[in-house]
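In order of appearance the chains are A, B, C and D, and numbering begins at 1 in each one.
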Amino acid sequence: MSKCEITFGKMKWKNPVTVASGTFGLEYAELFDLSQLGALTTKTITPEPKAGNEPQRIVETEVGLLNSIGLQNPGVDEFIKIDLPEYRKFDTNLIVSISASSINEFASLVKKLDTQPGIDAYEINVSCPNVENEGIAFGTDPEIVFDLTKKLRETTEKTLIIKLSPNVTSIMDIAKQAENAGADGLALINTLYGMAIDVETRKPKLHNIIGGYSGPAIKPVALQNVYKVAQAVHIPILAMGGISSVNDALEFIIAGATAIAVGTYNFVNPLGTLEIIDGIQEYCISHNISYKNLIGSIQT
Amino acid sequence: MYFKKIQVLKVESVNDEYFVLRIRDKELTQNIKPGQFFQIKDPCAVFPLLPRPFSVYEVEGDKLSFLIKKVGESTKHLSLLKEGHIIQLLGPLGNGFPLVSNKKVLIASGGIGYAPMTYLEQKLKEAGNEVWFYHGGRSSNDVFCEDVQNCTEDGSCGHVGLVTEHIEKCFDSIYIDVAYACGPEAMLKVLVGICAERNIPVYVSLERVMACGVGACYGCVIKIKENDSIVYKKVCKDGPVFDGAKVIWDE
Amino acid sequence: MSKCEITFGKMKWKNPVTVASGTFGLEYAELFDLSQLGALTTKTITPEPKAGNEPQRIVETEVGLLNSIGLQNPGVDEFIKIDLPEYRKFDTNLIVSISASSINEFASLVKKLDTQPGIDAYEINVSCPNVENEGIAFGTDPEIVFDLTKKLRETTEKTLIIKLSPNVTSIMDIAKQAENAGADGLALINTLYGMAIDVETRKPKLHNIIGGYSGPAIKPVALQNVYKVAQAVHIPILAMGGISSVNDALEFIIAGATAIAVGTYNFVNPLGTLEIIDGIQEYCISHNISYKNLIGSIQT
Amino acid sequence: MYFKKIQVLKVESVNDEYFVLRIRDKELTQNIKPGQFFQIKDPCAVFPLLPRPFSVYEVEGDKLSFLIKKVGESTKHLSLLKEGHIIQLLGPLGNGFPLVSNKKVLIASGGIGYAPMTYLEQKLKEAGNEVWFYHGGRSSNDVFCEDVQNCTEDGSCGHVGLVTEHIEKCFDSIYIDVAYACGPEAMLKVLVGICAERNIPVYVSLERVMACGVGACYGCVIKIKENDSIVYKKVCKDGPVFDGAKVIWDE
């Protein structure tokens, strides 16, 4: 009983747990068989190689993590040549996270990737600047999210997941537009904006001044975003934001997530995903509830 | 690379500032290269969240130790652990020092940069090298062994003055094939300069704040010269040891 | 030297530290002389008494606090009769925090309070629902913030501080409109939205489901909001959000805040404000910098 | 009300579940009313963030103690403190029990609800009252003193069964003027019912999660009947002791 299998868009997952983009890599294959995960999510890939931001890129704050990696990645061609064949070796779903600076660039990227076998879904990182809109992030404008999603929907048949940013007035509006335009699912949340200052030097601790805030501190914020979006849409949600225990994962599932992703906690405990997979299953058994019924089972 | 939760064998105070953390494990001690490191954390202490990187200090059979300087919360916390307390280790990580054999080599360390160097010295000697080992510190507190050329800024132990000054003198009298260094960046920068003047290859072990420690997050990068261009390399995976001549130092 | 005196709107403060609305009360006068603070800020007062939300109203999460008090307060008349005379006894500035459900109600409230002596400033809590705008919070719409501020500016000569919510896409836009409409200063941030679920009962831990998230967890988010707003406006900023130490307070001042408020930390250490006042002064002396020069001294 | 950081005098284990935390301080021990409480926290432990409320258990000269049940992180942490460790206390807080004199009174407690009751008993006796003290628990683990009428659900100590059942029998044989109670809400609710049938005024001490503990945050409210309407009252300041007849119990 309670195998916790799920359907996410056109994918079947053996369990509802994946890793958050940018917080995991093939390096961890030395520690455990990555096929044990419900899906693998790559770091975000862009059309061209990206050097990333100047260091300092990582700051640990009192109760969370700030990063400004700047999407350092080798670009899609190198990804296809080097990483993709490695990812394909694992018997699980592969979600490729992608980003670009215009709708057309996004579409070409998907087209290029679509020629490759072994990709099950795209996760669209809309937290990146849109050159056609004064560099403001795609993800802040419901109409742009609609247009982008629609274009990508016309481009690919694969599962299309839009990854939403929490740094907006109404995440529901954006989620609804992604749904309306044909997204198969939503991923949330990306990092909050955060900052830290060294009071001795009076310099920002990150070279980029403002970075993405993740880890335990953001969990309550992520949870309310997931809950609100789950009320607003019918497509499945891949939830993330500070998940560091089975209990955390369960909160998100009960709030309405179909699947969850572990991010920053991979750095703390690289085997945390496996513990969470087991823990969810144990909860379902001990509470005599099917995983399907657990999703969105919040009692309000 | 292993991820394991194991018991602390012993925490030994060296002095007010330094301590040695000892563990014992068959798997973890296999095939460790000098200059490699482990990400260590007490899983019971939720914050600081991230594990901290520490170089391998001594390896002896299935025993492994770390020489650690108390600088902040995690290191202070580790210094207080008792025998039997469970800690988590991820490693060995990083590239480690490239070893040569049957050469005349220099080892240069500053402060806690001493940590990876005794194991390096051992391996270099096993490979038939002749080793000159210079170590510098602020005072006798930062000196860990009497068998090396110690230099202290306050003269409280060994030679007086900066370790790099004494290394320059050494270079004047002995022909060195290759140098290995770990320590404060100011020292490494000077040393790389001294070596460049003499065309001595020098490998430096660098430190950066790390998140994953394995190469997954791109958090720990430094700038490295590579075929006329400058690229970001990961200290945790591409390093921590780099060819000193290729490092672009932070201002 | 370094007395850390400031001017905030039409007020002179003997030091730059006050308390955050809703996290402090006259009860603390038993512990220390409240005149030692740069200003006192009342909990939010509304035109009519407010019963507040059903309990559970307070949940401590791993690293922060969730609350859904629902602005329980006795209403302005009772406030004028009972609390105001007590507040007047202290030799410091009094900031009255207010809220209402329409622009006109806000204006009448200010008019009524303006007849009373002893009030130095109004802090306008715009995180409350606006009945004229489908119950959406005033603070999410730059135009409404402009209209509200303008109306209140025409109503009172006293220092007018608009307290901003971080739950928006661009806090700078809202800050600028408040400035354009004549606000003397800005207070930020109000709480983030957050949520927690009890996985045993599958019920939200707060009766209200979603609450306001405060405490150490939100400090990096607050800091980046303060920094961004400080870049965007010329009026002084009263900063808050997780401040729990001198170091925290200094980060906000260096980021551009003229004054800071301690909120949740009052519950942890009711004398924390005094330690922070002393600590700021000591920092200025040991770093040989005047408080005035410290404000916004971030090195980027 | 004081806010002080002082040393732990002693932490004594009662059994696996309960312990007594003792301190000594001239100021804090002045004028404490039975039923009042303190907000206590170890300032070195950043999380849990908030202090936790604990009723005054015993007061003797400048000595003050708390009887605490280990239920979560803060209470477990406090149970491990050693003599000399610094803790912070805010209090005394709350209204405390209203005292009567020269009456026949009942004290009823359940589980950790026993904590405020011995001090109450002492004060009631000093005021010339005749006291019947009933205490209930799940097992002998929840029984703290042999001099009271103990009732355990499993019969491992004292009378078998629920304390409220035995109190009803007591009411049948003795005329009680006023009752005081602290314990699980299920028990308090039943007791209030029993008392109402007999027109016995009953004061109940309630628990709610608290943030400020002083009345500043409106976080700890409960519903109370007041002149035909229902209002929110603060457990920390208007309580923790309320007239049982006026409490609206949570479903």
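In the analysis below, a residue touches a chain if its C-beta (ideal position, glycine included) is under 8 Å from a C-beta of that chain, and two chains touch if they have at least 3 such contacts.
All of these numbers come straight from a predicted model, not from anything done at the bench.
The fewest steps needed to get from chain B to chain C, moving only between touching chains, is 2. Set against the Cα centre of chain B, the chain with the most distant centre is D.
Between the Cα centres of chain A and chain C there is a gap of 34 Å. Note: centroid distance chain A to chain D, computed from Cα atoms, is 48 Å. The distance from the centre of chain C to the centre of chain D, each centre being the mean of the chain's C-alpha atoms, comes to 36 Å. Within chain D, contacts with two or more other chains are made by residues 46-47.
Chain contacts: chain A has residues 62-64, 216 touching two or more partner chains. Judged by the touch criterion defined above, the protein chains form a single closed ring in which each chain touches exactly two others. Taken pair by pair, the chains that touch are A-B, A-C, B-D, C-D.
Across the complex, chain B meets chain A through its residues 1-3, 41, 43, 46-51, 88, 90, 208-222, 231-232, 237. The touching residues of chain B, counted against chain D in their complex, run 46-47.
Note for the complex: chain A touches chain B at residues 22-25, 27-28, 30-31, 43, 51-52, 55-60, 62-65, 67, 69, 72, 215-216, 264, 266-271. On chain A, the positions that touch chain C within their shared complex are 61-64, 66, 140, 167-170, 192-197, 199, 201-204, 209-210, 213, 216-221, 223-225, 227-228, 247, 250-251, 254-255, 283, 297-300.
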